[in-house]
Amino acid sequence: MITYLEAIREAQARALADDPRVYIYGQDVGAFGGAFKATKGLAKEYPGRVIDAPISEDAMIGSAIGAALEGMRPIIEVQFADFSTVGFNQVVNQAATLHWRTNIPCPITVRLPSGGTSGAGPFHSQSMEALYAHYPGLIVMTPATVEDAYSMLLEAVAIDDPVIFCEHKYLYYHLKADALPTEATPTGKARIARAGRDATIVTYSAMVHEAIACADELATEGWEIEVIDLRSVKPLDTDTVLASVARTGRLLAVGEAWPWGGVTAEIVARVATDGFGLLDVPPMRLNAKDTPVPFHPNLWGTHRPTARSIAAKLRDLLRL
Amino acid sequence: MITYLEAIREAQARALADDPRVYIYGQDVGAFGGAFKATKGLAKEYPGRVIDAPISEDAMIGSAIGAALEGMRPIIEVQFADFSTVGFNQVVNQAATLHWRTNIPCPITVRLPSGGTSGAGPFHSQSMEALYAHYPGLIVMTPATVEDAYSMLLEAVAIDDPVIFCEHKYLYYHLKADALPTEATPTGKARIARAGRDATIVTYSAMVHEAIACADELATEGWEIEVIDLRSVKPLDTDTVLASVARTGRLLAVGEAWPWGGVTAEIVARVATDGFGLLDVPPMRLNAKDTPVPFHPNLWGTHRPTARSIAAKLRDLLRL
Amino acid sequence: MLPAIAAPPQRLDQPDPLDHSFAQTYIRAYRWMLLARLTEEKLANLYRGGKVQGGVFLGKGQEAVSVAVGISLRRGDVFAPLIRDQAGRFAFGESILDCTRTYLGSRLGPMRGRDGNVHRGRPDEGMLPMISHLGAMIPVVAGTLLARKFRGQFGTVGATCIGDGGTSTGAFHEALNLAAVERLPLVVVVANNQYAYSTPNDRQFACRDLVDKAVGYGIEGHSVDGTSLADCLEVLGRAVDQARGGGGPQLVVASLLRLVGHGEHDDASYIDPALRNSSLGLDCLTLAEQHIVDSDWADGAALAAWKEDAQQQVEEAVATTTREPAPDPNEEDWCALASRHLRDGFVTE
Amino acid sequence: MLPAIAAPPQRLDQPDPLDHSFAQTYIRAYRWMLLARLTEEKLANLYRGGKVQGGVFLGKGQEAVSVAVGISLRRGDVFAPLIRDQAGRFAFGESILDCTRTYLGSRLGPMRGRDGNVHRGRPDEGMLPMISHLGAMIPVVAGTLLARKFRGQFGTVGATCIGDGGTSTGAFHEALNLAAVERLPLVVVVANNQYAYSTPNDRQFACRDLVDKAVGYGIEGHSVDGTSLADCLEVLGRAVDQARGGGGPQLVVASLLRLVGHGEHDDASYIDPALRNSSLGLDCLTLAEQHIVDSDWADGAALAAWKEDAQQQVEEAVATTTREPAPDPNEEDWCALASRHLRDGFVTE
């Protein structure tokens, strides 16, 4: 059995083994193996290529861009996604514009340990995919499975553009698979995580599992719910979403991030503009509440969508 | 005649005159009067209250939060909205969370000279409203008229929450009114900028004027297009939008920002979920292209929506 | 008139035994340190027992410098503590219940379950609640002082603590520079505990001594032995006085070692044994106790009584807190704005 | 063997008249400065005539320090110029057409109309294209050097320029610190022209001298008279050599005054006349010309010929550029990604 976190470690090990241009840079990623142990043992296995950075997210990411210009393939670990706000400028204004301005690629991978866990509070829980997806010039990955954590991270390193890799901390230890994948779905293709015909839930990252749990529950009542795992939110696979809605006629978009804007707005807007006729009933959205992510587990459990709140929403949708 | 820019200056003069808690802090805002002259003469009129800051957006905004805790009402001028990326963390993690965490308000106003002008290029043209609107705890204003530039800025200073004030640089000199307003529409209420019955354009900031020009053009062909000026994108006045779509049955959301996410996605998603039955035909969106804002005027003119590209889109919508 | 010829200034770690005010301050500081140590030991136990919400980050070994900050401040001053500042918090006036309530998830805590543990504060009482982003509190403290300067209000001080690692942040730099330009009464205390999480100083900065940064901002720099309470009281007292007197920002760098893991989940196995065994690895609390005994300021019975008293405060606070209700999501209004009428009414929950 | 007893080192502004290599370097530098000055004068004229796209930010008064950076670098080094570095760009190898094509909006320019003017660069030739956010280029240059260090590639240098105002950014701090920790061969040149736009130094920083920041990073600091080409060549030469030789990052602070507005829209009326009339206000180009004459390195005829040659280059470049086509939006592919197959296919235009 291999966890989502181990898959991330293994992908990095393989990237380091296969490609001499790869190095990993981030706070405590060296001998210590990273705050989450996503680089455990790698500094020893690949001496001089897994390096502790000072607490300087702007300079960390800026330096990765420079190294990419020299032909390297840096992987930057930000200790928590939330701290990427202080490296934000280098990502959105430097990395994201470089190729468009100069025709020279900027192949950096920025790993963002993302999303909520119990007791983590407002500054160690954020889901920032929508911020990065808004900017031109970035690829934003949001793997929901052990297999994707592995193969998408390898692909992120191989892609010639800056990739924001939103790995979900809740899945780090909770999610296990039998083995690492030998094949991979290409980036930009969504996945039907569970087939169904009565309604479509479109979601990504940790919420895929809440959606599946909800679908399992509703299955006991005879409903067949399709769950689409977007895998990457930019590019966003509109075709797979539309094809599913064409089958089910009902759409619920679910995201762990805040309600204004974000992935759920983009999905619903795309389906409404390009798949209006496919919808039998109005589409729905379910997001976190519009407050910072609360610290206390009681509040946190209510703040973000869960299998239960998804099911409640879905029942409304099916009732229409 | 008073310009949009002068209205901003006048609002600040009045805020300084009326409220001793107000001060203005930003690069070159003092004796020089600001890069755009939005604080012209104010340092002299209000000695010690209009102060030059070092080139330190993070510290500028952080310091405003501290001053707000002391009961002040700081206005921070960021020289160009684009540079707010380097003060981003203080806005979204400190200012936006403070009241929710502590019950103590954080009344700061951050002025962001926003949007594209000819020849300004990728780093002096950005429209960042969607980034800020995504975060809980912020008010995001996007005035489109001289009157709103004045009255909304005064309201921004009065509001007990952090306000991101997106003033559009293209309107600074282009837009003129006869006089300053004596009454104001409250924040959170959209405005019907032009009444119509055949279709609704929902937009904000500089695009309001492109939309009106487009509506004027289509009027010559007999179409009556309603244009809604959102005024603030958070809160976003869904009711006014829905009421308009109820009348017209057709929706086009227009924004100068990039296509993924943003205000147009949020508008279309809201209407699709809550006003599905009001739509006679699928809604549409029109945004800038998904690249950095180009420098050369030829490219810039094609990158962002214009009266012409809006009209083309609208003709498609009316043809359905 | 000629000034009287003064005696050479006495170093505070060799104080005049008759200087009761110094002894009293020292003892008061020691007792806050002791209370902080015992509180944190209790929290560590509760954490191991699964009773604590969120993470636990402790200040063992850093109590002397922390308490010296808190004790040098007055009512009306501003303090933004960081993660290892339980002693300073107590000295500045935080109640032990504020602490236990946050860790144990009582809804009666100052953050009402919305934020946790080291993030607690009471801005209306001058204690700012930290956000996690290192360096980010410094400009906020500077801003409180800027506001006072604008109002012509002098004589108060703002202090904040940060680690060696936090000095690498852009926020640290921008805020110190801004404070220097405005000559604000800001005291920034760097607890140089030789590591930032697992990262040793030689991977964090390359200057000979962090205090060398002061000259680059044009501000006063102070070095202090963080294991010596007397040194901490003297140097912090001086730095705070200078700031209060109009001397502008003060950078204080304390040398010490953290005697626990980064958080309670961490065994700190990366810490160099040579450092542990060096004078940096001495326990400031033990040294302070020894100093009290050596100075004959208290006997064994008094020491035992103080410990007993502190332990009792801790137990009582925990017992009280344990009986308190947890936050109830149904009673939350889930509105991030102070202006409730401006909340965006559209709901996608 | 004992080292030979050396003659006392000569100051370069009193060079041995027989030192042809120095004279040649000086003259080469002077001629780049001259070309830069004339190019910029032309751009200013074109701007006033409404022929330039976007803003025009000029380096008048800063040519000496800028050219000294460019001339001290070699092929294979990295250079990230800022807004006042036309002279350094030329010396580093930029063609005058790259310049005119960007300002005049030719689609044949290196940025193809996508970005403009001071933002141009050719990263594949070691010239990085600046983004506007001040300080943001420093970590990028550091990163190119970090990559070389990882690959065991030594002997090259990265240099970048910034203003007095730019030193207040968090980016400046983080990048210098990172470079110091990694001991990268980075040369950061601060052109202290006394103002950031309208903001004078005393509203920007409070240290006695910006070079005092070096010690806080544990790096070498150098001061240089930015009005003296000889001083600039000597100090920049030394700083670049030291970086190249493994001496780690170098901070060079040049004192001077900008002799034009912040941009061509600005009349710089805020500049203190006392500064203008001080030695800081001297024109480095005039001084350099004088120095050449005084040193008998060239006569009036030669000087006139150089000027003539430079003017002709400028006119030719402008004439060529003016005949070139502007970017055509219909030929743009409007894709920000290098991996075109990964573009988000959904179109809302």
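Order of writing sets the chain letters: A, B, C and D. Residues in each chain are counted from 1.
Note that contacts are C-beta pairs under 8 Å (C-beta built on N, C-alpha and C of every residue); 3 or more make two chains touch, one makes a residue touch a chain.
If you're wondering where the values come from, they're calculated on a predicted model, not measured in any experiment.
*Asks:* Along the graph of touching chains, what's the shortest path length in steps from chain A to chain C?
*Replies:* 1
*Asks:* Compare the CA centroid of chain D with every other chain's and tell me the farthest one.
*Replies:* Between chain D and every other chain, the largest centroid distance is to C.
*Asks:* Take the average of all CA coordinates in chain B, do the same for chain D, and state the distance between these two points in whole angstrom.
*Replies:* 37
*Asks:* If you average the CA atoms of chain C and of chain D, how far apart do the two points sit, in angstrom?
*Replies:* Centre separation, chain C to chain D: 45 Å.
*Asks:* Between chain B and chain C, tell me the centre distance in angstrom, where each centre is the average of that chain's C-alpha atoms.
*Replies:* Result: the chain centres lie 41 Å from each other.
*Asks:* Among all residues of chain D, which ones touch two or more of the remaining chains?
*Replies:* 111, 114-115, 119, 131, 133, 168-171, 174, 177-178, 181, 203-205, 335-336, 343-344, 346, 348
*Asks:* Would you mind listing the residues of chain B that make contact with two or more other chains?
*Replies:* 53-54, 56, 58, 82, 85-86, 89, 93, 96-97, 100-101, 122-123, 136-137, 234, 236, 260, 264, 273-274, 285, 289-292
*Asks:* Using the definition of touching given at the top, classify the network of chains in this structure as line, ring, star, complete or other.
*Replies:* The chain contacts form a complete graph, every chain touching every other.
*Asks:* Write out the stretch or stretches of chain C touching chain B in their complex.
*Replies:* 110-111, 114-115, 119, 121-124, 128-129, 131, 133, 136, 138-148, 150, 170-171, 174-175, 177-178, 181, 335-339, 341-346, 348
*Asks:* Mind listing the chain B positions that touch chain C in their complex?
*Replies:* Residues of chain B touching chain C: 23, 48-49, 53-54, 56-72, 74, 86, 89-90, 93-94, 96-102, 104-107, 136-137, 139, 159-161, 187-188, 234-236, 238-239, 270, 273-274.
*Asks:* In the complex of these two chains, what residues of chain C are touching chain D?
*Replies:* 168-174, 177-178, 180-181, 183, 202-208, 212-219, 248
*Asks:* What residues on chain B touch chain A, complex-wise?
*Replies:* Residue positions touching the partner: 58, 82, 85-86, 88-89, 92-93, 96-97, 100-101, 122-123, 130-131, 133-137, 234, 236, 257-258, 260-266, 268-269, 271-274, 276-277, 279, 281-285, 289-292.
*Asks:* Write out the stretch or stretches of chain B touching chain D in their complex.
*Replies:* Listed in rising order, the residues of chain B that touch chain D are 27-28, 30-32, 35, 52-56, 58, 80, 82-83, 85-86, 118-124, 259-260, 264, 285-287, 289-292, 294-299, 301-303, 305, 309.
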